Amino acid sequence: MAFTPLHDRVLVRRLEGEEKTAGGLIIPDTAKEKPAEGIVVAVGEGARDDDGDRIPMDVKEGDKVLFGKWSGTEVTVDGTEMLIMKESDIMGIIA
Amino acid sequence: MAFTPLHDRVLVRRLEGEEKTAGGLIIPDTAKEKPAEGIVVAVGEGARDDDGDRIPMDVKEGDKVLFGKWSGTEVTVDGTEMLIMKESDIMGIIA
Amino acid sequence: MAFTPLHDRVLVRRLEGEEKTAGGLIIPDTAKEKPAEGIVVAVGEGARDDDGDRIPMDVKEGDKVLFGKWSGTEVTVDGTEMLIMKESDIMGIIA
Amino acid sequence: MAFTPLHDRVLVRRLEGEEKTAGGLIIPDTAKEKPAEGIVVAVGEGARDDDGDRIPMDVKEGDKVLFGKWSGTEVTVDGTEMLIMKESDIMGIIA
Amino acid sequence: MAFTPLHDRVLVRRLEGEEKTAGGLIIPDTAKEKPAEGIVVAVGEGARDDDGDRIPMDVKEGDKVLFGKWSGTEVTVDGTEMLIMKESDIMGIIA
Amino acid sequence: MAFTPLHDRVLVRRLEGEEKTAGGLIIPDTAKEKPAEGIVVAVGEGARDDDGDRIPMDVKEGDKVLFGKWSGTEVTVDGTEMLIMKESDIMGIIA
Amino acid sequence: MAFTPLHDRVLVRRLEGEEKTAGGLIIPDTAKEKPAEGIVVAVGEGARDDDGDRIPMDVKEGDKVLFGKWSGTEVTVDGTEMLIMKESDIMGIIA
């Protein structure tokens, strides 16, 4: 399968369940709009700045990321639930 | 027939039915606002940046694309339902 | 008669009735906000970019164009109903 | 009398009644928000672009212009009803 | 007294009553939101453009100006009612 | 105590009571949203323009300023009520 | 644990309770939307300006900062409540 997100979009595979990262980051269960974790599967070429030049993306394939739980549009790729979102919906990278 | 979309608009032929791509991408049927697939039929010359220069388009004729189901304006070309949308309504390219 | 639209405005003569173009483009009748066809009668000199330079217009006098049915402001020129609209209201050029 | 509009403002003397121009342009009477005709009496020096430079005005004193009927702010100059509006409220120049 | 308006702000002394200028400009009394006349008392150094450079002000101390009746914030300076407004609230200069 | 406002923020100590400045500027008591006077206690390094360069601040520590009565966020520093506001909330400098 | 905030985001550990800083800054308890104090734990690489260049961050790891009480999105890192917010939500640095 090959899906190339356009512009500054990112294809993310959501990690289900409350994961505890190696560093011990726990996503709280009670928060109203709690962030979700996922793995970046594909990354667009980047949006363009005011001069029409590409702005390089800050996430890359394989990055474990935190994003707003309701961010993105759902698609199913190879039987796995995926999300297409903008890079700006991603809050940070978990290492 | 020749229809030249203006600026950053794209003419897209919607693919009806739930297609399974070679790579196995399935568009879920239950999602409230599920994305749709289509083939790019014609592409505008691109919007202009702050200096008035053209921003090249990221999609080209023949690309299989994913877009928001309610995106675009419907027209009928040669008996086929078409959509005129902005490139920013296209989420990515399916290969 | 001479009417010179200002900035990025365009004077368009609406084509009444459902026309079938040489290429077979049919404007559907049932769509809620169906696009309309028209002929460009006069074109402004173009808006200005952030540096104050003119952005050249993408349509020219005589172009057959597709635009949102409710776009523009109506005026009557030489007994013909005309519309003054912004170029951004024009979706594309029919050839 | 001397009134110098600031920035991209224009002082316009409204032409009352339904005028038929030499070229036969008639402003329809039934339109809900029909455009009005007027003569440009005074023109500002122009707004400034992102670099702070003046953007030259596209209308000049004496131009016969078409503008939105409800555009501008009314003042009375030498017993004549005048309107101060932005150049962007002017749709085009009638010749 | 010395009050230095910041950025593109202007300190204006409102002229009460319906003045008839030398040129015969009369502010109509019946308009719902009629413009008011005033004298510019102090002028800021100007806002900054996108490059951070000052945009020079178009009004100067002593100018007789026309502005929206409800523009600005009222202060009392030396017993005289004053208004602090943005230069963009000023419609033009009366000479 | 040291509090460094970020970006284009300013720390202001509000002057309570109706002060009459040396120049005789009186803040009217009856105005609905009357401006307030204060002394600038600390100033940020400035916001950044479109090129990422700092825009120098127009107020400095010790300036007596006029600002909208409801501007800013309240904090208490050394027992004195302070306000953190953006420089754009400051209308001008009283000398 | 390693969490790298994206763009101009900052990871902040909230300081619970009403702290009195060395300099005596007290956050008032009665204010409706009182600011909160926290320690910066991680900082993004910065947003990009109009030319696509990074804008350096003004806060750094270890900074004691003041921010709007309701700013940011909550996550739990190593059992400590953390907040991911934009640098623009931070009002200033307490020293």
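Going by the order they are written in, the chains are A, B, C, D, E, F and G; count residues from 1 in each one.
FYI, a contact is a pair of C-beta atoms (placed from the backbone, for glycine too) under 8 Å apart; a residue touches a chain by one contact, two chains touch by 3 or more.
Nothing here was measured: the structure is a model prediction, and the numbers come from that model.
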>> Centroid from C-alpha atoms only, then distance chain A to chain C, rounded to Å. What do you get?
In response: 41
> Roughly how far is chain B from chain E, going centre to centre by Cα mean, in whole Å?
Replying inline: 51
> At which residue positions does chain G touch at least two other chains?
Replying inline: 50-51
> So that we know how the chains sit together, what is the shape of their touch graph: line, ring, star, complete or other?
Replying inline: ring
>> Touch as defined at the top gives a ring of chains. Read it off for me starting with chain E, then chain F, then onward.
In response: E, F, G, A, B, C, D
> Which part of chain F faces chain G closely enough to touch in the complex?
Replying inline: 1-7, 9, 11, 42, 44-45, 48, 50-52, 73-79, 84
>> Give the list of chain D residues in touch with chain C in this complex.
In response: 21-28, 31, 33-35, 49-51, 53-56, 58-59, 66, 68, 87-88, 90-95
